[in-house]
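Consider the two complexes below, in which chain A is the common component and chain B and chain C are the respective partners.
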Partner chain A sequence: MLTHYDKLRSRSAPGRLLLMAAFLATVVFLANCSSDSAEPANSASSLRVRLLTGQQYSNMIAQIFGVDISDSVAAPLPPLTRTDGLLASGAAFVGVTSDQIQQIQQAAATVAAKVVDETHRDFLIPCKPVSSSEADSACAARFLRVAGRLLYRRPLHETKVAELAAVADAAADQAADFYAGLAIALEAMLIGPEVVFIVDVAEPDPERPGQQRLDAYSLASRLSFFLWNAAPDDELLLAAESGELQTSEGLRRVVDRMLTSARLEDGVRAFFDDMMAFDEFGSLAKDPVVYPMVTGATLADAREQTLRTVVDHVITRNQDYRDLFTTRSTFMSMNLAAVYGIPASNGWIAYDFPRDSIRSGLLTQVSFLAAHSHAVRSSPTLRGKALRELFLCQKVPAPPPNVDFSLLEDAGDLKTARERLKIHSTNPSCAGCHLITDPMGLALENFDGAGRYRATENGVELDISGELDGTLYDDVDGLATALRNHPKLPYCLVNRMYAYGTGGPVSLRYDREILAYFLQRFSGHGYKVPDLLRDIALSQAFSRVRAAPVADTVETQPRQIALSQP
Partner chain B sequence: MTAYIGRQASKSRWPAILACVAVVTSLTVRAESGAPNAPKDGAIGYVITDLFWAVYQTPDAREECPKGFNDGPREQFATLFPAGEPRTVVATQLKQEIATWHPTANADSFPFYAVEGPLSYGLNLDGKVDPDDFTHPNGARGIDNEVYRAVGCIIGFRGPVGVEYIFQNKAITDRRYNRTMIELTGVDDLTNDDNVTVTIYRGLDRLLTDATGNKVMAGGSQRIDTRWGASLIQQTQGKIVDAVLTTEPLEKVLIPWMNLGVPTFQIIRDMRLQLTLTPTGAEGLVAGYADVDTWYRQLIRNDSSHHLSNGQISGISLYKALRRLADAYPDPETGANTAISMALDAKFAQVFVVHPQGDDVVAKAVSQ
Partner chain C sequence: MSKLSRRRVLKGMLNGSAVTIALPFLNCFLNENGTALASGAPLPLRFGTWSWGLGMSEAIFVPKKTGANFDLPLEIASLRPVQKHINLFTNYHVFKDAAPNLCHHSGWVILRSGIAPMTAENRPGETIDVTVANKIGNNTRFRSLSATATGDVRDSFSYENGNSVNAPEWSPLRFYQRLFGGDFQNPNAATFTPDPRVMVRKSSLSSVLEETRSLSKELGTDDRARLDQYFTGLRDLERRFDLQLTKPEPREACIVTDRPQDLPSGLDADLVARRHRMMTDLMLMAVACDQTRVFNMFYASAFSATTKPGYDKPHHTATHEEAVVAAEQCQPNVSWYTRRAMEEWAYYVQAMANFKEGDGNLLDNAFIYATTDQSFAKIHGIEGIPMFSAGRAGGRVRTGLHIDGGASPGCRLGYTAMRLMGLDVPSWGDKSNQTAAEISEILV
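Coming up: the complex of A and B.
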């Protein structure tokens, strides 16, 4: 049988030449970079105000007041719009409606009530009132000062503390209950925009006269949400207060501590969950008639499996990021094992697919295969589109509004997706996009819409050969290796991680050089993610503030967006 | 009719068999490669999903129950204690409860309608064709199933709405104490193989189901209970002919049972399996001789008077029938039979049997 691979091989000499040219250009580019490993002199990032994500809100409450209190309330933050590949980037372009503020207020009331209840007050409130039925300004101020510093992610000005203590006193007098009064003041703090938004504050940069940098507390927050997906802890705030964070040595020590903290796993999970668009699992469902063994629990495990694989690979084992796409090492649960057709013990266990298994890399995990399929069948197009957009940072245009699906829907006796998708190649308006998605997706056709293996489709043997940007392959391993070696793969990670860390999409106008710098170092370090995290966190670009276009802003000293300092 | 004393499973091949058993057995049809119908590593597991007393039923029960169905506790109570007469709880309800929990074989005043039809599901357990044996609907003669004779005309034992029929299955999917499974090893061909090893285990895990939680799916995993379930591990030999597995009898098997959250068990002597096998499941019969007192104890422990009443199951009358119809294992002193022939309709789903502690533990359990 003449496979699609054979056909491509026979006709794609120009493609191979293009690939070779691209490869040489990359080599020259990297060679140039390696001769100049210093960070671009004018690198800087934008000053932003970002809404907390739901997970960040929950983490913040959990780390300040405890997991049980965090678990007792649903994070009240609205869903975000994916922007340039990341929900986190969308957080910089979202406001809150009055309805959402009401939800934030309700969550705040619940949290506050829990903090002061008899179960928690003795270890969350650092003092006891003189009388529990009367106001106690000193005790209220003491609690509000401590909690406020962690919630606002910077010390509260004493006038703010006094203002909140007065709220607590007035409410305590009214209710004849110190703790009820304190809950009102805490609730007031929790609905503060400084709490639910991450507000960058700039200050003059002493090393660059006329330029600005993040102030120490903003830098602490940026580091913390980047590496831990949570608010700064006490030690990080102390480093900001002491000025240590604004020194090279101090910053290095702080970042190294954060990178060796157990919280790093939370941060890495959050990043990859966002990058791989796993929020879609919240609404993902499979037809129970077609895929009866795939339940909500199965899909939740699929998401968890990939995140565990990623964390184990890039953090625990500190392996080459690119090898995620060819690794056979993963973790298995009983729910998932049924989909993979293998046995499993209870709980999550480390699992290595055998060398002769068709499963290798993230593309062959149920999370990718099921998430990028239809409810009742696989979709080479959706899978190819996801591969390009999620891992190569390429944009596949949406179908034209006048696309005629009838030809595809009336495909008659065509047995395989490859045969059906050929219909698109006869329509010029379809062919352009399908040519850049379908060849990759068709290589995954040995997996049905739930990610289960199948040797045939409708009784017909599957041709899974194809091409990824000039690299020909004839099986899934070939696709995995082609993706693993694709020059855009590490570039895309650098792009997304820098955007994630600095709180908004990268700018092709301003960030080209800094991304090249990070990519060169990422490559030099063997594509190790912790090194990339460290490079970004320690970079000048991370902490320096790019001057806003004159037309967009009026400079003030210090410069700050939207909100007053607490 | 005498009891068939089953041969002990041959143990001479055990070390060789163990060597073949992988730490984890796999699906008959290899998951992602390999020849169809060839069990990977020669092993395949099945877990019980459905288990009912085999009851042959005809429309309106005219054939097997020409006199109708038996009365249950409510009907008998109404006869014994007519309305309007002075009575106490102790003299009425509690008296019946005591009689239910401490039954005797002595005759009472109520008629008992045993099955009168000639047909029954089940197996020829004793190798004989006696005049009072049933005939299988497929024509096989000498079928021994006296439990059917006892329960076939009791509504609660008849499908699909009998109380026993409904609750037994629900307990299998809801609970784990009663997670019985078998593992076939040394299988060269799932269609025809003249010698396979069949090991019975209790599993530890919930069943893999679809999103409704009701339909059990093939492809789940089950860990062997080698701790509390070690005494349940048994092994026998069998052969597969035209995809039907028939095992040699096991002398005495304890089957964990459960209903309404109450753990019980059945003791089955000379127990054997006759199952039609597929890569995704098995279906057929579990047959042997049930210990009468254990059989009855399982019934009343797993069913309250409420359930017995709904199923028109008079435990008092049924026990007398069971003792009367018992056909095996006579008591050495009294001569009265202590066991009764029976058959259970069983369905299994393919499952990966996981041996978390390796095969030595299993070998030890089997040897004991």
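Coming up: the complex of A and C.
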């Protein structure tokens, strides 16, 4: 019988080349990691203009006006293009079409009408008009000042407040209704570009003459969307207003408060939901004939199970990030119990798979297995590709257009995916990519397209052995451990988290050193995610910006709505 | 006739009935000869697009005969009831020139934008519906509308520029609410009372416009372009507000239907067909109510992943992995998927024909441009990519024809469409796709 080593030696030339490349990459990578522990002196990030994501819009409305109002309107933001692994990074480039602006306006009208209706007005409007059938400039201004500060994520300039109050007054006069007028002014705010876009604003950095940093409100927003996936709350804006956020001690206090807030879970869930490409679940479905027990509710639970597992592991228990890929601890719902083949329970309960279970880590959860399969069958290629792209930040090339699939035709007598995919290895134009995806995916072939366990495929025992960048394994546990110990695993998390935090893809030109710095600290702290979040949030790179992207007209005046405070 | 109400008739039509029944003639809608609205304004011209995935099985798709009364091979046999309303275009090419052949991307991008994309992420130019909407989409509540039958908001063949995709409506219920909730003004309502909020809403836009302009000045080139686009969108919104202050012309076929039920996610062909019909019905009612004059309907995405019950390969996978059966001259399951798409194309065209307008139907004053992403998907072929049109564009187009393009650019059909829609463009397309030649065979 061939040992794994023998199999390795007998691999085709492309396979050996790949292993060599992986080895060299690791050496280079480790060399990069050996930099000293201080943050690179010139580290800085880019100024961004990001469109709010749909979830951020909903969170903003919920936070300012309440969940019932947020739930009454679909977030009117467009879907984002996944950019360098993250939808959030796509937000730095996406434009808003005329059609979309119309939807933003319609959502604004719905939200505004709810805010001023008889159910909500007494809670949400901090004053009562002299007469509800007349304009009341003072009361309108009071509301608009408070709501505007939260929506714009910085205090409104008084001229802006007056302008909006005038809108409210005119509309109130026309409708003979104070609240109808106020709604129009609120609508105008809700479609404002500085509400819909998160616009980084730079200012001179007093500690580094000639260089720039985010202004306090931009820093507050960056922190808040990073850690909470929501706009800054009152306390955070106060920290920006007082200047606390611009001192290292003050920033530390603020970040620690944010990290211990219950809202951290929202932020961490949003990040992992994005990183794991869970937007797929928006349209994911399984063939009801082949997988009758997998309904839309099951798939929604699968997504939720993984997010619960992640939050519990990295936040609640503050465990080593890498162990997510080997942990047997998770949560179970009744829908999922049927897929996992275990006794059902009511609601969500903590659940540990037994030590001899084949389920070990995120790769063996239904979310990963089902999302990276076809509707009617599993796909080792899709699973292997997802493993590399989502967790190792590697890019698997698209198939060439002239692929010859003729050998796959009439492959009906081949019983297993391994046999079918072996055909690709005989075609040089296919072999290159399939060798970097299929071995990992084939190790998960004990799970069908819906993530259910199966001992055989078409009656044939499954060979689930393989190799991940030089590490050989015999079973799923082995794959999970190989991934857990893969040097790119923590690097990838650092890369994605830094991109997510700073609002756009990392720059190969500028960010190598800062990423190595974060990685070294992440490793030194035992791969604890809260420590990484904290390191990124407190870093110079997070709050310093490379240069204002002002091309030809440098504006030195404060923006219309910005307060002239430091 | 008294027991056959207009609502009942139209509801029947919306459910896909192929029977056309004359509606009671209502003098208030039209002029005396049924060619213009009662006000004397001409019946509006509309532009639609439709798309299906993964091309065709040439041997059983392309008719042997060209011109009128062409034969309908097996794969397009379902088009018989609508044959007189459509044209089929074969042997037209899209040219990638120096760009790579990007699987399931190059074909549709060229046909919709006239330009070969350089990468799988690249969306050059703007799509034809956007160009046409800039010309004819300014007098309706929506500049254009898009909807998909895939249930996935990410599936779109319409974009303003590389970073700005027109996201389609994907949920029937959501689409219904957008069309007929809130700001909808029924053109056939007995009275018209302008919403007083619209005027103040419009005047409040000036501060938002100023905010946008001021912000734009502070940004770098790329972000400034995004803010300028936002500014343009706000201006467009202003125009739409103006329209809300004007009494709409009555529309004969406009009936607000009942609120639909939403459908589950999934790409099972039966489910996709149900979703396609619901979205088509809503879309065409929006057209009949003159809520938009430019509309995109996507039956499938590029890389179509529609599934067939009991068959283990989704459409795209099947195109590559299923063998061609010589006796059937096709890949049987792949052809099954294409036939399902053609059934839906027939539904769509028939649904348009069922909307009475003037002396005819919606097709008389519309031009629909239907495209796909490949010709022979098995090898990612883009040469000979098939296309359809439907409608007579105000009597300027002959229908019922099969045209052999003689390997000329497929962009000719898009160019023809633009000219029909009144765009004064000397040519369309880039490099080898560039054309200044309309497809004269279909022009009256």
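Definition applied: the second predicted complex is superposed on the first by the 512 of 566 C-alpha atoms of A that agree within 3 Å, B and C clash if a C-alpha of one lies under 4 Å from a C-alpha of the other, contacts with A are read in each partner's own complex, and residues count from 1 in each chain.
The criterion applied here is as follows: a contact is a pair of C-beta atoms (placed from the backbone, for glycine too) under 8 Å apart; a residue touches a chain by one contact, two chains touch by 3 or more.
In this text, all values refer to a predicted model and were calculated from it rather than measured experimentally.
Chemist: Identify the partner contact of A:318: answer first if only chain B is touched, second if only chain C is, both if each is, neither if none is.
Modeler: A:318: touches no partner chain.
Chemist: For A:338, is the partner it touches chain B (first), chain C (second), both, or none of the two (neither)?
Modeler: A:338: touches chain B, not chain C.
Chemist: Touching A:101 in the superposition: chain B (first), chain C (second), both, neither?
Modeler: second
Chemist: Figure out whether A:458 sits in contact with chain B (first) or chain C (second), or with both, or with neither.
Modeler: Neither partner.
Chemist: Classify the contacts of A:79 with the two partner chains as first (chain B alone), second (chain C alone), both, or neither.
Modeler: second
Chemist: Contacts for A:356 in the overlay, against chain B (first) and chain C (second): which applies, first, second, both or neither?
Modeler: first
Chemist: In the overlay, answer first, second, both or neither for which of chain B and chain C A:288 touches.
Modeler: Both partners.
Chemist: Is A:247 in contact with chain B, with chain C, with both, or with neither (first, second, both, neither)?
Modeler: Once the two structures are laid over each other on A, A:247 reaches no partner at all.
Chemist: More residues of chain A are touched by which partner: chain B or chain C?
Modeler: Answer, by number of touched residues of chain A: C.
Chemist: Between chain B (first) and chain C (second), which, if any, makes contact with A:346: first, second, both or neither?
Modeler: first
Chemist: State which residues of chain A lie in both footprints, the one left by chain B and the one left by chain C.
Modeler: Common to the two interfaces on chain A: residues 288, 295-296.
Chemist: Mind pulling up the chain C residues that touch chain A in the complex?
Modeler: 100-103, 120-121, 142-146, 150-154, 159-161, 163-167, 170, 174, 178, 182-183, 196-197, 199-201, 203-205, 207-208, 211-212, 214-215, 217-227, 229-230, 232-234, 236-237, 240, 264-268, 305, 307, 309-314, 317, 320-324, 378-380
Chemist: If we count contacts the way the header does, which residues on chain A are in touch with chain B in the complex?
Modeler: Touch residues, chain A against chain B: 288, 292-296, 334-335, 337-346, 356-359, 453.
Chemist: Give the list of chain B residues in touch with chain A in this complex.
Modeler: 24-27, 31-33, 204-205, 208-212, 215, 217, 219-221, 223, 352-354, 356
Chemist: Of all residues in chain A, which touch chain C in the complex?
Modeler: Chain A residues touching chain C: 47, 49, 74, 78-79, 81, 93-103, 105-106, 109-110, 163-164, 167, 170-171, 174-175, 180-181, 184-185, 187-188, 191-194, 196-197, 199, 201, 282-290, 295-296, 374-377, 398-399, 401-403, 405-406, 408-411, 548-551, 553, 555, 559-561.
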